[in-house]
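My questions all concern the structure below.
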Amino acid sequence: MKNVVIRNIQRADAALIEALGAQGSATVSEAQERTGLMQPYMRPIYPTARVAGSAITVLCHPGDNIMIHAAIEICQPGDVLIVATTSSSTCGMFGELMGTSCQTHNIRGLIVDAGIRDVAELTTMGFPVWAKAISAQGPLKAVPGSVNVEIVCAGVTVRPGDVVVGDTDGVVIVPREHAAEVARIGQERVEREEQVRARLKAGEYGVNFQGLRAKLIEMGVEYVDE
Amino acid sequence: MKNVVIRNIQRADAALIEALGAQGSATVSEAQERTGLMQPYMRPIYPTARVAGSAITVLCHPGDNIMIHAAIEICQPGDVLIVATTSSSTCGMFGELMGTSCQTHNIRGLIVDAGIRDVAELTTMGFPVWAKAISAQGPLKAVPGSVNVEIVCAGVTVRPGDVVVGDTDGVVIVPREHAAEVARIGQERVEREEQVRARLKAGEYGVNFQGLRAKLIEMGVEYVDE
Amino acid sequence: MKNVVIRNIQRADAALIEALGAQGSATVSEAQERTGLMQPYMRPIYPTARVAGSAITVLCHPGDNIMIHAAIEICQPGDVLIVATTSSSTCGMFGELMGTSCQTHNIRGLIVDAGIRDVAELTTMGFPVWAKAISAQGPLKAVPGSVNVEIVCAGVTVRPGDVVVGDTDGVVIVPREHAAEVARIGQERVEREEQVRARLKAGEYGVNFQGLRAKLIEMGVEYVDE
Amino acid sequence: MKNVVIRNIQRADAALIEALGAQGSATVSEAQERTGLMQPYMRPIYPTARVAGSAITVLCHPGDNIMIHAAIEICQPGDVLIVATTSSSTCGMFGELMGTSCQTHNIRGLIVDAGIRDVAELTTMGFPVWAKAISAQGPLKAVPGSVNVEIVCAGVTVRPGDVVVGDTDGVVIVPREHAAEVARIGQERVEREEQVRARLKAGEYGVNFQGLRAKLIEMGVEYVDE
Amino acid sequence: MKNVVIRNIQRADAALIEALGAQGSATVSEAQERTGLMQPYMRPIYPTARVAGSAITVLCHPGDNIMIHAAIEICQPGDVLIVATTSSSTCGMFGELMGTSCQTHNIRGLIVDAGIRDVAELTTMGFPVWAKAISAQGPLKAVPGSVNVEIVCAGVTVRPGDVVVGDTDGVVIVPREHAAEVARIGQERVEREEQVRARLKAGEYGVNFQGLRAKLIEMGVEYVDE
Amino acid sequence: MKNVVIRNIQRADAALIEALGAQGSATVSEAQERTGLMQPYMRPIYPTARVAGSAITVLCHPGDNIMIHAAIEICQPGDVLIVATTSSSTCGMFGELMGTSCQTHNIRGLIVDAGIRDVAELTTMGFPVWAKAISAQGPLKAVPGSVNVEIVCAGVTVRPGDVVVGDTDGVVIVPREHAAEVARIGQERVEREEQVRARLKAGEYGVNFQGLRAKLIEMGVEYVDE
């Protein structure tokens, strides 16, 4: 249980990551039985933020970002930083300078279960971030932590190399070993939804063609004309 | 106390609904003596969201949206769905497919005291939603509830057919039987405010022409030149 | 301990206020050793809101804004209103009419540790506001308070004439007597960051040129190739 | 929509109130289909607090308790004060002096969707209170409100004369006109639970004798021996 | 703005401190015009906790308690530790060992705007603590801070040597230079309340003998017999 | 990714569980490097609650407790139920009847990341529970879930058979495979703390004998006599 920086991790197949990213967090979380979704307090700093990539996990002391610096160096293009702290904090752990470094090395985004700052600059740069709080409060670089150990971020277990999908609806984590199956199930959902959308646009009611009316009656719901 | 879907409700006059919608939530809540306003945690999913219409109320089990499906079918053009759950939850209860169905049938918007998802798509479609949380977490369709019974949503009593006015400042409910009186009082406020606005733009101080200075003196507030 | 309105206060030098405003809340709070920053629940009503000015402090009873009216009259161009309440409340304390009066007299913005309303109109006008909540709930004008006494707003002590710097990252207060020193330290940070930015864009890693690797090793962090 | 104090209200039968109080909030809320329960932030000031009585409703301005004074005078022995404010606040609205007056007139307790103070003294006196916050912050007596109008308290509609049942699990409101039916259904639950308790104590499993195993199998839950 | 430990501070007169402590937080906060009261999230770890003493202020990095160790050494008998952190955190900053050291040196209690642990042991010892959270999470001793500088704790400005009064209703700070005046006003309140209590116990109504009925009528409140 | 009930799990050695329970949550979380601690919102229903045992994990739909019934049957004496829900909810998931069944079968306690009810009865019975909320709101038995799959509860990963230690300071999870090592490190801490306690009681200062003074000086903290 020493502090470590693990340099080499396994990642999911790039095509699977793209597919999951295109499906979006709502479809992906459905495809894995409504699991893997971070708590709703994790919000993007701008509404069009989207990300999909491989998780590089970072465990920090609250108010200290030295391990994020250490993590940036070992990222590969396409990775996403996922940061948790050992106890709850709202300190601003990351700003525009680190975002510049991330973009230079093609790191795709940041998920941080604490605060973020330089929000205006990060938005202008188009660097997507999901955070618990916005705070100009700056961090120290004084206390050690770890990179690429298993963490829990906003209520979800994240292991290095898991697939991260983030958008306006939230952030979902797909365990690396399930990525192919989840992508396949998600794709089926996307296709099924396309058919449902067409019927709804034609004026049909979901309560009819999705078999809900029988269910309502069976559950004892009464229709009343007052 | 069985679960019911009440099909026919009374609605306020369409012209009154338009008038209240044009006045906005701040003026309308003032016009009914600062009552009827939902808790401030209810926020629109995009800043320009506005709605005015007749309430179709829906009572759901947390994490289950089968009753929203049942409610869509009995809405008329101009209605607004108001959804409460039997206990507190942040599950995403409604998304783009249901929004598509609502728009097809000219349902004007959704107020949900729980979570919402597909926020990017609903924003692009221009379907206005006010919610407690944004969450990709999907609901089930397994537990019965009711449509068009009296509910409490975000701290406010809502009865079927009440007038709903929502905008960036929040959501206010006007009991159907008070709609005419509230619209009239609101209109007077709008006109009075126009006069106040003109004087303020001319550089006059509210503390003078609104009679507050005398009140301040009477209450014992001292003006001090240090 | 009577209620007072203090008319004349000392303000910081205008050039210092502009300099601090240009540095922004993150740099300024760093420059004063991570102090003076309001709690992260204070959010701007639109993302591009920015303000810098001299604090006119207002202490109100919850749900009563008569003292804000009294404060507007004694402001000078370039001032910023900072409003606290004697106990916690989310009532909407300020709206478009008062914003119109403020703009007419070149008051630069409002920080209110309570609710705000007419958010759409204030955004259109470009009047920047930071608040704890958005609420259409209207205030009374019935209970006395004070103007230009020391207050605590969102966890920070504010004295009349202190420098206020607000942007998307939050609101920071610089005690008037420290403004020159903080502006100087902040300017040094800005210049140092420019150099760091250039190196990061060139692909260097902060963990190297900012001396962090030695620190990590010294703290016992192990690098592991799995 | 003027401010009023309504002196005479109808109350439920005393025997029904006692019966509902003996059943407790959990049983009573079940007996009315999981409705009528206040939000869980309403907590008793001491763990053994229990109350059952007729609601006298009070609508106050935040931070102002003049209407509670007005309400005490019109209570009858056995009544319970239910206090809401027109916007959210944590101000201490009630303390030991008012508790003394209540006990003198056999008012049974207080439910306040705001703050309470003199908690130690009220506990010693055995005057039961449920509140959102504990705060020494004192109120004013400056702004009018109403007594015995319909209010919403902690998410529940309360009408004068409704039955209030409060204990460690929370506060539930029974509409006066349903009191007899709810008491009857609750009594059936109490008796049924007594039988269940005996079987559980004998070592039977609920999953067996409550018919849940068939349900689990039907829902596709698999039992696995690893 | 360096980190400092200021060894010698001025304290209020011991008799004044005892008098304020005997009055309690509710009376004292009233006596200074409803100011100086910490936010209601600051709760005692056991309900009978009471403290009065001179503030020794401590400013810590979140999750680091080295400065509390430094502060204990410079306390005098009768002092109370008041701890703030530079950004928001719930880490457990203090436990039974430090409480043992405090009791040994007759330090009277702790107010900490973060987490506390060893709550069972501190309760058994009778060492009173008010905190924002209870958390077993342990702190580091790695980052410097200051002792006896002005801080803001739970929304209140605290200067070294200010009088701290804490009980079940919360924590109130009396600026040292106002201690005598506040104690005097508080004493008058206590005596006045004794008279009010006697009249209330005799069955009189506050709405009568406190002059509220005239006020209610003047404010337009109507009494209605339905 | 089907719903399953896994009947047989591995558990840690009973003696290790007792040892960890005796050390308590604060010592145990320290012994595993400040990890494994649930968020501080998880509170015991009575202050003397203590538990140590093997985790039986339960994943429920919000507001539905059918899987807890299924879990009770497969528990062994000494187990502790750990319940998470698929999305956030405060519904009361467990009450006195289920507590009776648990006690009958020597299940030691419950940790539930949702609501609990029958708090008075569970307290009288001495059945220890940690929960996010207290709510009389009753659950359904209509939606499937799983037993003994990996879950995240209050921010911590829990696997079936992990060791659970709960007391007034919170709940900590020790992975089964680390139980022996953590118990050993914890024991060393307990012994070291005994020595520290003796020295502190003798009046020594931690800042001296724990080597902090040198650290403070090295970090640039200045001692000032004003």
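Just so it is clear, A, B, C, D, E and F label the chains in written order, and each chain counts residues from 1 on its own.
Note that in this section contacts are C-beta pairs under 8 Å (C-beta built on N, C-alpha and C of every residue); 3 or more make two chains touch, one makes a residue touch a chain.
Bear in mind the structure is a predicted one, so any value in this text is a computation, not a measurement.
Where touching is counted per the definition, the chains common to chain B and chain E are A, C, D, F. Chain D and chain F touch with mostly distinct residues; of the residue numbers seen at this interface, under half occur in both copies.
Chain pair C-D has a twin interface among E-F, B-F or A-C; that twin, with over half of the contact pairs alike by residue number, is B-F. Taking the mean of the C-alpha atoms as each chain's centre, chain A and chain E sit 41 Å apart. Each chain gets one centre point, the mean of its Cα atoms, and the points for chain A and chain F are 27 Å apart.
Annotation for chain A: residues touching 2 or more other chains are 34, 37, 40, 86-88, 90, 92, 115, 135, 137, 143. By the definition given earlier, chain contacts exist for A-B, A-C, A-E, A-F, B-C, B-D, B-F, C-D, C-E, D-E, D-F, E-F.
If you check the complex, the residues on chain D that touch chain B are 1, 32-35, 37, 39-40, 86-88, 150, 152, 155-157, 178, 181.
Partner chain A is touched in their complex by these residues of chain B: 2-9, 46, 66, 69-70, 72-73, 90, 92, 95, 97-98, 100-101, 104-105, 115, 117-120, 123, 133-138, 141, 143-146.
Within the complex formed with chain C, the chain B residues making contact are 24-26, 28-30, 34, 37, 40, 43, 47-48, 167-170, 172, 193, 196-197, 200-203, 205-208, 210, 212, 215-216, 219-226.
Interface of chain D with chain C (complex): residues 61-64, 86-92, 115, 135, 137, 140, 142-143.
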